[in-house]
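Each of the next two complexes has chain A plus one more chain, namely chain B in the first and chain C in the second.
The block that comes next holds the complex of A and B.
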């Protein structure tokens, strides 16, 4: 029982770090521009495909491939912002929701035509690590380390760089930031770019341990919503914390009941947090 | 005398000429193109299996048309054409598309989509519109127990899918006493493992874990962590995408057991992409290129042999599809067409009413194995002739993964071995 619980919690925790990175992208976009990005799932899947293509066609190590994937994610985010989001940024929420939903459908449509929906797999194994009675797949461990590095990088960027501080200023009060000479449109575009970059990087990490199709981003998008609410909408560190809690729950629940109860309890928690503490654990800033 | 002979020849010649000219125009040999309608999961989670199935069916169609079609007793020649739509591996698309195939496209016969849930949705439409449907890629028993009279199954039913693996386990690891069953929660896989559990318990095995995962699952760690140790065997799985991931994660988690027997994915050539993780995994297969069905075997069994030999099918399939080795999904697609061809040929007609008794009484051997349908009202159309074979991924001399038939013993190309310690 204890060995099963420990193994499950370890697996869940490691996965939770990656969930955290995926949710961080969503929460950043929400926090800065109050846009619910429904193209988040397909962007995660694009990150998976980017890593896969760089690995299979250029022979690039999948972890090194995360660098170009991150760059492409940033660029893609800028393009999506300019084309679909910028014009509706001040419109009611439904407009931006529909705009990002349209982007979601376009990405899925194009990628289904190009890649089909056959599952793809990055055939790159680092073996497993045995610690006492635990067997931990090395890819999950590296995924967790990658997630910690990405979070640290984002934290340093937001708190110690000029553009990062500008993003926080716009998130706090856009009008005041503009009065201080901060070009809010550029900052919003950068925020959207960073959000999609994080989603793409999360996708790249997930692709190293699970097979995927263009539709694989969907479940992570849903989990990201739960995590964002749990950690506090608009709070990147809250997203990581929420990811870890969700991962731990996914490890804990199957030990005591059938795995099919996991989404029931996850979404139950989602509703409960909305009712009891709508600002989330760390509260929106 | 000579004059009388000449007169007789003249009269006969005149008679023939008159008969020929007086014959109604319809009596002349005519070519008739029969439309076969089906949906194919070109996208979605079934697309690997479904594309192979269509490949098999298309090969049959091109061969039968190239050979001049099927000649009917009245001299007519029947040729075949296909009309299909992508069902996106979604059940809700299937009924709409099959109705369109029948009503708008005027399909004469139907072939099922891939998978039991999609076929279950399509079968009701076939019956409703009085169309014969040959199902392939659809093993679930329950579809054939709903009172349909025009739906005929090519696959060995799900209830007999993994039971042979229990018999193999008894032989391979007599000390094994437990079987952990982890399966996809869809119609087909649930039918298979429910029958497997009953069979295993009947043989004295304990089933300490019997749990299902949602279709589309990618993380199997929560299930793998629940497998009690030591465990005699791990069985289950579902379809290609989930089962290949399950096998990979069992390897990564270094789970030790005597046998891993999974559904659908192991017989697929693509399963070898798992590398070391595929070694020792056993899969139940409807057909393998190594099977030994032949005209001689049919003669010995006292049944008719129909269609190409195993070698001919494999060779022509590889020639048509760039060397791709046919899987049982491909063979299933081909044989669905072959059954239709045989039924038309024997009935001498493409009329549903005339073909139905022929299909009900069909008992033949093909390169794919025996074909015989249950013709009782209780399970009409259920496949009762065909048997499964079990394959195991082993290493060849160069150390590369290679598929071997390991069960039943009579069909084995290599002996099975216990999973090595991971």
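The block that comes next holds the complex of A and C.
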């Protein structure tokens, strides 16, 4: 009983780090421009497919493939921002929600035509590690380490570089930042790019764990919503914490009740947190 | 102002009345199926519009009421042997009741937080129903065939369902007009523009929002029962499709939110476009992407929708296009 519980908690925790990275992208975009990016799921799926294509066709190591995937994620984000989001940035929420949803439809539409919806997987195994009575798949461990590195990188970027500081300034108060000479449109575009970059990287990491299709991004997008709300919308570090909580829950719940109850509790918790503490567990407001 | 003297009041109602009448007169199965899907879209989009268009609250998971109402009605018909019309009303009432309970809590949230919460409620409901044994769990329910006998066999039952849906759609349009042109509706429009200012002007925003939420949840429940009775089975995946929820939003946007005629135009336009893209040899593989491009163009360049655009462009037509 206890060893089983520990095993499934470790499993959930390691997965939680990667969930955290996916959610960080969503929460960064929300924090800076108050836009909920409904194209988040397809971008995660694109990250999966990017890693897959680089691995199967160019023989690139899936972890090395994350670098080009991240770069293209950034570019894709810039394109999405300029084409779809920039015009509706000050419009009511419905406009930006539907604009990003339109992008979602476009990506899924094109990719379904190109890749079809049959499941793919990355045939790359690193074996597993034996720690005491635990057996940890090495890919999960590397995924978690990757997630920590990405978070640390994001933190350093936001707090110690000029563009990072500009992003925080714009998130804090766009008008004041503009008065200080910060080009807010470029900063918004950069933040959107970073958000999609994180989503694509999370997708790349997830692709090393599970088989996937072009529609696989959807569930991770919904999980990202839950995580963002748990950690407080707009707090990148909160997202990592929220990801860990969600991962632990996913490890914990199946030991007590059938696995099909997990989403009921997840989304129930999500609605409860929104009602009781909409600023999230870490939120200061 | 007497509303029955306004051309804007009659236009949507007469359109739907004539449309359903023609279908009944020609009495062709294929035509009935097409009209059923279209009328359902009109009804769903219009009931969403009562909340979205008048109060400005974006309910992203509105399909949850379609699913829950559909499940309740379907259960009452196939397991308890209720008649279709009473079961449909019961489905609607249950949806309304749930909207009341949920609304009291969730409607305190504003903007994107509300939208997120409605997504969460839809997903939670879907996951719950998948585990709920009386509703058949993940496999869902099948209609008891004897339920069709009451209406003179399956073929006749489908016509009865169509007529009920036709009437429901007209009622939705009627309610939509009456809400918009009442003192209550003016309060809602004030909430849409600025909720705090509206409350200063003694609009009782919490009550008004909750009542609106209940109204806009009632009709999807009724329509859900009719739709799943027609289909003959119900399962969680079909009943709580987030995708359909978003299609409803798109229809409202396409036609023009906050107008009575808009959802009618938007729903018919959207379905027509979808069918065209699905069947056209050039776009059939890319129909989803094309629909996305069109949606994006509308949001970026015609945010008021078709009816809103015409109203802005030709002020003389405003009397007709409510």
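FYI, the second predicted complex is superposed on the first by the 283 of 285 C-alpha atoms of A that agree within 3 Å, B and C clash if a C-alpha of one lies under 4 Å from a C-alpha of the other, contacts with A are read in each partner's own complex, and residues count from 1 in each chain.
We take it that a contact is a pair of C-beta atoms (placed from the backbone, for glycine too) under 8 Å apart; a residue touches a chain by one contact, two chains touch by 3 or more.
Quick caveat, the model's predicted, so the values are computed rather than measured.
In the three-chain model built by superposing on chain A, chain B and chain C fit together without any clash.
Computed from Cα centres after superposition, the angle at chain A between chain B and chain C reads 70 degrees (steps of 10).
Contacts of A:250 after superposition on the shared chain: chain B is touched, whereas chain C is not.
Looking at the superposed arrangement, the partner reaching more residues of chain A, out of chain B and chain C, is C. Touch criterion not met for A:159: it reaches neither chain B nor chain C. Looking at the shared chain after the overlay, A:210 reaches chain B, while chain C stays out of its contact range. With both structures placed on the common chain, the touch criterion links A:260 to chain B and to chain C. Of the two partner chains, both chain B and chain C are touched by A:112.
Figure legend note: chain B and chain C, brought together by superposition on chain A, show a least Cα distance of 6 Å.
When the two complexes are laid over each other on chain A, chain A has residues 112, 258, 260, 262 in contact with both chain B and chain C. By the touch criterion stated above, chain A contacts chain B in their complex at residues 4, 7-8, 11-12, 15, 112, 116-119, 121, 123, 125, 127-128, 130, 135, 137, 139, 210-213, 216, 219, 250-251, 254-255, 258-260, 262.
Contact residues on chain A toward chain C in their complex (touch as defined above): 30, 34, 36, 83-84, 87-88, 91-95, 97-99, 101-106, 108-110, 112-113, 222, 225-226, 229, 233, 258, 260-264, 266-268, 270-271, 274-275, 278.
Taken together, the chain B residues at the contact with chain A in this complex read 42-45, 47-48, 89, 185, 211-214, 216, 218-219, 221-223, 225-226, 240-241, 244-245, 248-249, 252-254, 273, 275. Within the complex, the chain C residues that touch chain A are 52, 56, 58, 60, 105-106, 108-109, 111-113, 115-117, 119-121, 123-124, 126-128, 130-131, 138, 246, 249-250, 253, 257, 285-293, 295-296, 299-300, 303.
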